[in-house]
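In what comes next, chain A is part of two complexes: it sits with chain B in the first one and with chain C in the second one.
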Partner chain A sequence: MANGFFTDTTLCIGCKACEVACKQWNELPSDGFVFTGESYDNTSELSGTTWRHVAFVEQMAIDHQGELQDRWLMSSDVCKHCTNAGCHEACPTGAIIRNEFGAVFIQPDVCNGCGYCVVSCPFGVVDLIEKFDPDGTHYNLASLATSRLDARATAVQQSGGVAGKCTLCYDRQRLGFVPACAKACPTESIQFGDLDELRERAHARVERLSERGVSAQLYGADDVGGGIGALNAFFLLTDRPETYNLPAQPVLPSTRQPAGYTAAAVAALGLALAGWMIFRNA
Partner chain B sequence: MPGLGTSFGRGGATVWVPDLENADCILIEGSNFAEAHPVAFRFVMKAKERGATIIHVDPRFTRTSALADIYAPIRSGTDIAFLGGIVNYVISHEKIFREYVVAYTNASFIVSDAYRDTEDLDGLFSGYDGASRTYDTASWAFERDGQGVIATDPTLTHPRSVYQILKRHFARYTPEMVERTCGTPQAQFLQIAETLAHNSGRERTTAFAYAVGWTQHTAGVQFIRTAAIVQTLLGNMGRPGGGIMALRGHANIQGATDVPTLYDLLPGYLPMPSALRNEQTLAEYLKLNAKPTGWWAHTPKYMISLLKAFYGEHATPENDYGYAYLPQLIGDHSMLPTTFAMKDGVVKGSFVIGQNPGASGQNAELVRSAMERLDWLVNIDSYDNETVSFWRREGVDPSTIATEVFFLPAATVLEKEGTMVQTSRLLQWHDKAVEPAGDSKSDAWYFNWFMLRMKALYANSTDPKDLPILHTAWNYEHDDPHERVKGEPSVLKVLQEINGYTVADGAQVAGFSDLKDDGSTASGCWIYSGVCPDKATNRARNRDASGPYTAPNWGFAWPANRRTLYNRASAAPDGTPWSERKKYVWWDATRGEWTGIDVPDFPKTKAPSTPANKHATGMDFHGGADPFIMNLDGVAQLFVPSGLKDAPIPAHYEPLQSVVENPIYTQQSNPVLREYVRKDNAYNKPVDADYPYVLTTYRITEMSGIMTRYVPWLAELQPEAFAEIDPELAVSKGIKSGDYVVISTALGEMEARALVSGRMRPLRVNGKRVHQIGIPYNYGSQVAFARGDSVGDLIAIALDPNVSIHESKTLTCAIRKGRLLRRRPASFAQDEM
Partner chain C sequence: MPDLSECRERDDVPTYYERPLLKAPHWEWNVVTYLFLGGIMGGLGLIQLIAHPERPQERRLKRTVRITSFILAAGNPAILITHLGRPERFLNMLRIVKIKSPMSLGVWGLVLYSGAAGANVVRELAIDGVLPRWMRLLAPGFLAPLQALLGAFTAGYTGVLLSATANPFWGSGKRHIPAASVCSGLASASALASLLSTFEGNHAVVHKLERLEMVAGAAELLILNDFKRAAGAYGAPFFKGKRGERLLTYTVVAGTLAPLALNLIGQAVKLPKPIDAVRTTLASALTLVGGYVLRESLIEAGKESARDPRAAFRQPR
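Presenting the complex of A and B:
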């Protein structure tokens, strides 16, 4: 059985309850207090310590037919828990595993903070946690950190850096709870459950929206291509994926390996040939 | 509150939040529903999923607009013009629900021939006295025959009938006039008017939702009155998926109105005795306040039971049940006038609890400087805040301030038990989850010990003026020894007393119909009666969602666990549902009683055919088809002959500080609004070239106030005060998103970050380009994770005449790029860019 997320952006009201619930449950610090001036988005992106991020896309321009578009799209982004995960493949220590709930999970006590997974994620999700502050003096989280100095915090403290991303609330799932973000979402924009059932629901939803004249598409419910397969956290969008800062054609880095090895082999062969030609008379 | 109260009889939201799901159309105006009430908004989303049309009318394109089917921009403060346009549309296009209007409203009543409308007096009503800026409302009365019975014309054609007066009054609120005044394009206005009309009537219902976007104006009560007129004409009141949802901003605001923190009310909407009226004895009070007809004829039962709850065995018929112990009003003691009195040295001490007026008050610097004049200030709060720290604010020398300040730590909601009364009038009990941190105590603890220690201090006094303290009944000892040892009182006992009991045996009463006017019962707030019908039951604890969708076993909704108010109107005059689709409460002829899926808001066995007895008193005055039982005449009031200080029917006035002259009447602003013309409360001119932009204020999802500014997870989401500006204005001022800007009024200046967005759009109003600037109300100077100036420092105090609410939603301002040159606390300087 594999569980995952279906994030229906047509139901998102941009309240960011998912971001806050995630940070609270997972005891993650804030990422600083920076006013960006970019719509209502001041956390900007997913990071090692921001595992849910709500994107705000303002489309207030008049379109080419002269109609006011009047759209403010909101979408809560999260780790996709890919069928074939780049981070999983790249991890040299075995810290990244696929757990019993079908989620891609980073074991903080095994991770050595090498960062290979960071560059291997096709979606730019994984990041290193470098600023974890167990004393909480900077982030005012002292009461949390001292009350629950768990394996993760200890590991971070000792190693000085680990990779961080959504765990699909592994600890909550083990207790039979739904992940914090899905629990907090007031409009059921974030739905959690069995993936087969979620996919069925998502396809039906697209049809229903289409009957109402809303053109919607699923992103990641089925194979996204690039060798990644389907996503365990998939989305219903009403615009192109790039609009939401999701790659239109994500590619798994390892699929580029055969071409890379071939090129290297050809180059080696070419160099050998050149060397042989240069030195044959010597 | 009087907007709904004078129209329908009660000041609360007429519907409950989950019922929005049954609406065919929802008009959200004066509210940023999705941002300010995200959890309640799920029911709007559910309605949308079921095919309802969601409309949002607002100065800004917000997260609510993003989810709406139709968004229309409006100039802040012009909602009476917009809704007046809807009234004109439904009347002139014959879209009213005529059968409903004839039977259930005062449309057919004939108004006195002394009445003159704004049509006759160019924006004023008859009875205006320019010197005192007040109305004598005598000429607004209905015409009566020799026996005092109101003259009516059920054909609605009499020229002085309410209906014809409405028709003439709103005739000038044409779509062109709406566009000229509100800046809303005509086509959009008409689309909305048609959608509302299409989704009202026998088979369909439309719900309205508003919040402080309608109330915080110098004519705020009349904004809500206009909405009440629209919903009544369309026949949407008292019906499923209809009504008017007054969204309350904070978790327990409804409860704080019911058991009021308001100076002029006693619990259960009984008026506070006033020395300015002839209310020196209980008999005089009851003569003035017990209405001859309708439900309020029961006032003596509720008042005497309240006095019994207050003074226990010391409330006897001989001493007027302790009536003389109650304080009496000698003026307007609401918060803002009291702040002026503090500044002027009249008020010497102040308790500030659950509020932070030093940042979120209007004219916040007035509040802070007024506190310098106090002898003492007590602040009970969970966080250091701008109010309690007024003495060390920027630019002030603490050694010159003599005020003695007591800062007491408050337990948060999770650290105490009790009820919250939310926007659906629903009482919900919550348990204590954790012990309070450190020395923090619940508010109940503070009040309990405040009273007990006062009683001890005065125990030996023989001075009659100390009797109110000595005679107050005070028995709230906790049954749990662990709580008792900590001195925590039992709030359950308080709730049980609010419910009421029989004095003789102490047994709980089952509901307010058991309350008596002979001193044999006591009840602390009659409208909550029924919440604890016996000692073992606390219905606020109920959490059973099964049964009909009204979920009668989830919490307890006042009055009498009723979800939709005036629900008798969901049936036709003959007692049958208006339609199968909108069936809710109806007359069961075989059992001889009202039934349905909600508690009927009507005498249970009063048959629809019961004739009205126009010579009787109390409820007998009403017939079996008069659904608005709290009102004198049993009907909804389209025209309000008494009870409001500014108008019997709404008229559009410009805000006190506006960018245009009133396009509709010569009268510029509400003639009876209350101004405070003084140096420390400087206004911009009514239309001021130096302050050419509309300024509107609001709160955002991510921030509340001092509670959230200290929470890093929330602070990172909206870390700094900002001003939302439309791109056209931004270009003309050379402002880019993220720049620092300074916004100013005649009263003060503030600094904020610019957020340039196409969601803000300039409007064309009366031939003039109008720009609106929006600033959230969540920030203050106190050093916390989220920082910024308070917009309260820009807002001069001007008040609505009925409820003393300030005008924070609409004023005028100037804006420039740059920063304020001033010293900032060191902690701010560290990371400034």
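Presenting the complex of A and C:
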């Protein structure tokens, strides 16, 4: 059985309940008090300690009739739990596994913080978590939280220096609960469940929207290309993927290995031959 | 809901407030040094094999190179450990062997290389009489080609480690970066070996080493030149701007062309010994600097490339 997320961005109202629920359930530290001034999005990106991120896009343009049109696009981003996951393939310690629910999970007690998963994720999701520093300023901006954390450092903080990303609420799933973000979402923009069922629902939703004159596309419900396959967390979008900071052409990094090793072998062979000829004569 | 996607020009790629899509590597000087020394180690693996055991000077070169390669192989993991978020868990890398992970294969390559190099050093010391003579048996003959093979892998993997990632610039060099890493590694290894041989007064082998250095350096330049063409816009963080100038100055001109010229002079003209020693020292030092700057530029360009959302939207295949 593989479970996943279907994030229908047409239903998102940008309330960020998912972000908050995720932080609370997983006891993730605050990101500090940041004001981007760009939009209502002050989270900006997924990180080692931010596992849901609501993107907020404001669009204004003059349409073909010369009318001013505007719209808000909101989308809750998350780890895609790829079928062929770059992070999973790259991890040299075996810390990253695929669990019984089909999710890509980092075992925090095995990871040694080499950071190779970070550069191997085609979606820029996973990141290293800074070491928890009670005297430092990184987590201290919310001073209330800090005093609490000083007394009771959370699991994630104790294991700072390791990689972090969405676990698809492994612990909640084992208890038979829905992931915290899906539970908290008031509009069912985040839907959790069996992937086959979710995909069916998503395709039907695209059709319903098109009947109503809204052109929508699915991102990751089927193969995204580049060797990655389908995404276990996929999205329904109403604009190009890039608008939501999703790659139009993601590529699974390991697909470049055969070419790399072959090129290295050819170079080594050529140089070995040259070296042998140079050293052959007295 | 109005559909505004049609109001835009087709080729106008939107970004999310110009924010990066990808995460930049956290790698600093320690990984640069690790890759640089890994390349040298790999190159020394080849030199210890091709030096002829019957000629006394080359015998001596073999010995020096084997000891140096073992010292590097023993020291390099220590540098790798410093970059980990959890250094005390370094050994977790040895829990598994993962064919799909260059990081995993590379660490195993390094471990096996130090084993082979260590055994070959024992052999050298046993021949010298520093260790009991029977200990030669601990290093059977096949370990010399094995060390060379593992060396080639180590040098090549330092390139695949970069090119087989999601980083757009690194990915655009899926053939060039591994091949250039091998060439640069061997050029630096030859430079280090000629430097050590000069200090030891083992001048007879220096000219051969310098010829090898010239071949490897020239090959590296050709590969970099082709890389520039093949990488196109993905290559901008590496070939253009300040970093491009730095690469041109330190790696191309000072690090490859200058030693090439110095070595050519050494091959063509018979200089007095002390002047020739100065020439070798200078050429070798320049090659080593060029090799280091190449690795450093690769890492730093990778960081810049990761910050460019447009490059990351269309990842090179």
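Just so it is clear, the second predicted complex is superposed on the first by the 233 of 282 C-alpha atoms of A that agree within 3 Å, B and C clash if a C-alpha of one lies under 4 Å from a C-alpha of the other, contacts with A are read in each partner's own complex, and residues count from 1 in each chain.
Everything that follows uses one rule, which is that a residue touches a chain if its C-beta (ideal position, glycine included) is under 8 Å from a C-beta of that chain, and two chains touch if they have at least 3 such contacts.
Please read these numbers as outputs of a predicted model, since none were measured by experiment.
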**Prompt:** Given the touch rule stated above, what does A:G14 touch, chain B (first), chain C (second), both, or neither?
**Reply:** first
What is the contact status of A:E188 with respect to chain B (first) and chain C (second): first, second, both, or neither?
first
Could you tell me if A:S30 is touching chain B, chain C, both of them or neither one (first, second, both, neither)? first
### Task
Determine, under the contact definition given at the top, whether A:A61 touches first (chain B), second (chain C), both, or neither.
both
Practice prompt. Give one of first, second, both or neither to describe whether A:E38 is in contact with chain B, with chain C, with both, or with none.
Written response: both
Which of the two partners, first being chain B and second being chain C, lies in contact with A:R71: first, second, both, or neither?
both
* Touch check for A:W276: first (chain B), second (chain C), both, or neither? -> second
Larger residue footprint on chain A, choosing between chain B and chain C, goes to C
The shared contact residues of chain A with chain B and chain C are 36, 38-39, 60-61, 70-71
In their shared complex, chain B is touched by residues of chain A numbered 11, 13-17, 19-20, 23-24, 29-40, 42-43, 58, 60-61, 70-74, 139-141, 186-188
Chain C contacts chain A in the complex at 1-8, 13-17, 19-23, 25-27, 46-47, 50-52, 55, 58, 83-87, 89-90, 92-93, 95-96, 98, 100-104, 107, 148, 152-153, 155-157, 159-160, 163-167, 170-171, 174-179, 181-183, 186, 208, 211-212, 215-216, 219, 223, 302, 306, 309, 312-317
The residues of chain B that touch chain A in their complex are 34-35, 38-39, 41-42, 45, 61, 63, 65-67, 71, 700-702, 710, 712-720, 722, 736-739, 753-759, 761, 785-787
Note: in the complex, chain A contacts chain C through residues 10, 36, 38-39, 44-45, 55, 57, 59-64, 69-71, 86, 89-95, 110-116, 118-129, 131, 160-163, 214-215, 226, 238-251, 253-257, 259-268, 270-272, 274-276, 278-279, 282
